[in-house]
């Protein structure tokens, strides 16, 4: 392995809801510029994990570190300010605002001046392929554009670690490929990405490392080729129609 | 779908401004001047409510409390300590702003109806407090002696009052305009649209809600001082009533909440009609004014939530090309 | 000591009525996620209906009570159908405006038609009082209290033992699932709103046995009902019952110990404390 560049660490984090352990003693690390895929059957706890990392939920036990800073109990906005951005599984744009305004709102985190924020937002829109639509109202655009918008907003907040929650869901093959290209590009520029995915083709092709969650536990970790052959993983998916 | 806002056409604004400035010259009748002053005052108050209710989406039904506090602070300071009401007005505004932050703090985490309950209960408690407080003459109210003198913020003719409230309104709307183009404004709108998403974008929702609340409350207090100096009699039930809080909200919502000119339009339409009902039907028919207001709220609530500005925007949209919009308007 | 006990007893008796009013409000919220800002005005309306049943037909409030309950149910059903239903898919401010506007309309129409004079019904049993261990219990208040609890019990049984009741509960839990199961959601909503108002009908009629009505009488009851609902947990009906009794006692005792003007302030402090420490209320109701 190259020299250690660990920017994110989660240690033995658990979370229960009314007696059910949604996340059970999960531990892993992420290095700068890594693209990590987080997969697992429905209900495995992936989104809960994201919510724990981004401060929307508090862990019952365990620690979370980002850039050597303990972020376990911080509020969501603080975590975002420190450099962790996310998208939501169910896209939530600020629907009465335009695409541009949506991104500007995100960009204001790093640019106090409205004009600077706007300039930066336009740049991000171009990266995401939304440049021609910046004046459309976010509530009325197609799902693929909403997903691009969510991604754009996360980028615009100046995130160093990006948590993508099922970004490929509901998109056609071309759209998925476009997203993967952006992910690769963005990772090369220095971002670390953890992506929850059900669309296997998407995540297997772009991730350097795969984590598999089942019933709240991390059951396997490794390169895509290794993980697909892992017995525990196959068993976890038995009965689901996901094909590798 | 593209956005087609009304162009805040600079010529139209200047034209209206000139009209407003010249109005007292043409409208000598003090009765109508009084209505004009009332319209401007409530436009100012509606605008203050709009900052936190329209742009930030926190529907407070307790704003009348700040209105009353402003009135009482400047009045008490002037009558008991001889401080000019102009200074008292600033003190009242500052106090209201700080109070909004302190008392607003517990309410920051309350969502939806809980928040509205809280604001209602808060205002009612303050009202009852003032009613029973002997030092501020509680249930008898305070009469402000008529000492005709600009330093005392008291004038014989209505005309100075007219220009003062017009000035306040212009300043208030300018503040709203600046906010809407600033970080505070954009963040407030995000909070209004989706608080969870706002948090995920790094917005300290508690902080920004506090900011808007403080600004809104301060402006309300300023309005309270003006009212006290204009009417020269203050009483908790006149100032801090739920009725008043609802009117502030109604004016902003009817005109178009979250828009710059909404409160002005709302006030211009509602207040004269209200006055008409009040004057024409006295006594138990005073209820008619509220029947009217209630009907408006009902209709707006169910059929036209965007208010008059919303209607105008739609009409305009059919006849124009899109532009980069200026303020984050509510659809 | 005896005076405090007296205050507590009075508080319990009045609290029962608060509970009933709050149950109606809580039910509407639990099923439809709407706060009926006109709830207090509905209490006022039922009180007036009871009054006119007396002044025009000589009916004693307790006799008129079932009739008033039915009338209010119908009123609720129709209101939901023609008004509230339209706002279900609009932003929450529409619902606020709709029910708030309704309240303003009702109060001002009441003022218009019936003036601000207080109206009361001189019931024959109005002065009957029991004395138990030095504590005086007014017959009317006791009956009102019992009726309130009876109605609460009836609602509980209805919701849990009848088909429609279970359908209502199902809708409250998951609107879409209920629809998929073939439940007519809009009808359920209308019935729920009707039931909520029927509860105010019983409360109003009961109140007329010892209280008086005027156009704004509903406001303090409404305010108290909101506090009770939050205290008990919005959507939790047993919470509303318990909450009503607690607030009733708190108001009564504080009126005695401090002064009657402060009873709303005390209720409000309780309200704040609950919101701050246990936002879900005593029984941890729905906080969204």
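Labels A, B and C are assigned to the chains in the order they are written; within every chain, residues are numbered from 1.
Everything below uses one rule, namely that a contact is a pair of C-beta atoms (placed from the backbone, for glycine too) under 8 Å apart; a residue touches a chain by one contact, two chains touch by 3 or more.
None of the values given here were measured: they were computed from a predicted structure.
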{"item": "Chains touching both subunit A and subunit C", "value": "B"}
{"item": "B-C or A-B - the one linked by more C-beta pairs in contact", "value": "B-C"}
{"item": "Centroid-based (C-alpha) most distant chain relative to subunit A", "value": "C"}
{"item": "Separation of mean Cα positions, subunit C and subunit A [Å, integer]", "value": "48"}
{"item": "Length of the line joining the C-alpha centres of subunit A and subunit B, rounded to whole Å", "value": "43"}
{"item": "Interchain centroid distance [CA atoms averaged], subunit B/subunit C, Å", "value": "32"}
{"item": "List of subunit B residues in touch with subunit A within their complex", "value": "1-3, 181-183, 186-187, 189-190, 193-194, 196-205, 322, 324-325, 328-331"}
{"item": "Residues of subunit A defined as touching subunit B within the complex", "value": "54, 56, 75-78, 80-81, 85-86, 88, 92-98, 101, 104-106, 108-109, 112, 114, 135-137, 139-140, 153, 157"}
{"item": "List of subunit C residues in touch with subunit B within their complex", "value": "29, 35, 83, 86-87, 90-98, 100-112, 115-116, 215, 219, 223, 226-227, 230, 234, 259, 261-262, 264-265, 268, 271-272, 275-276, 279, 287-288"}
{"item": "Of subunit B, residues touching subunit C in the complex", "value": "59, 106, 109-114, 116-118, 120-122, 124-125, 128-129, 131-132, 242, 246, 253, 257, 284-291, 293-303, 305"}
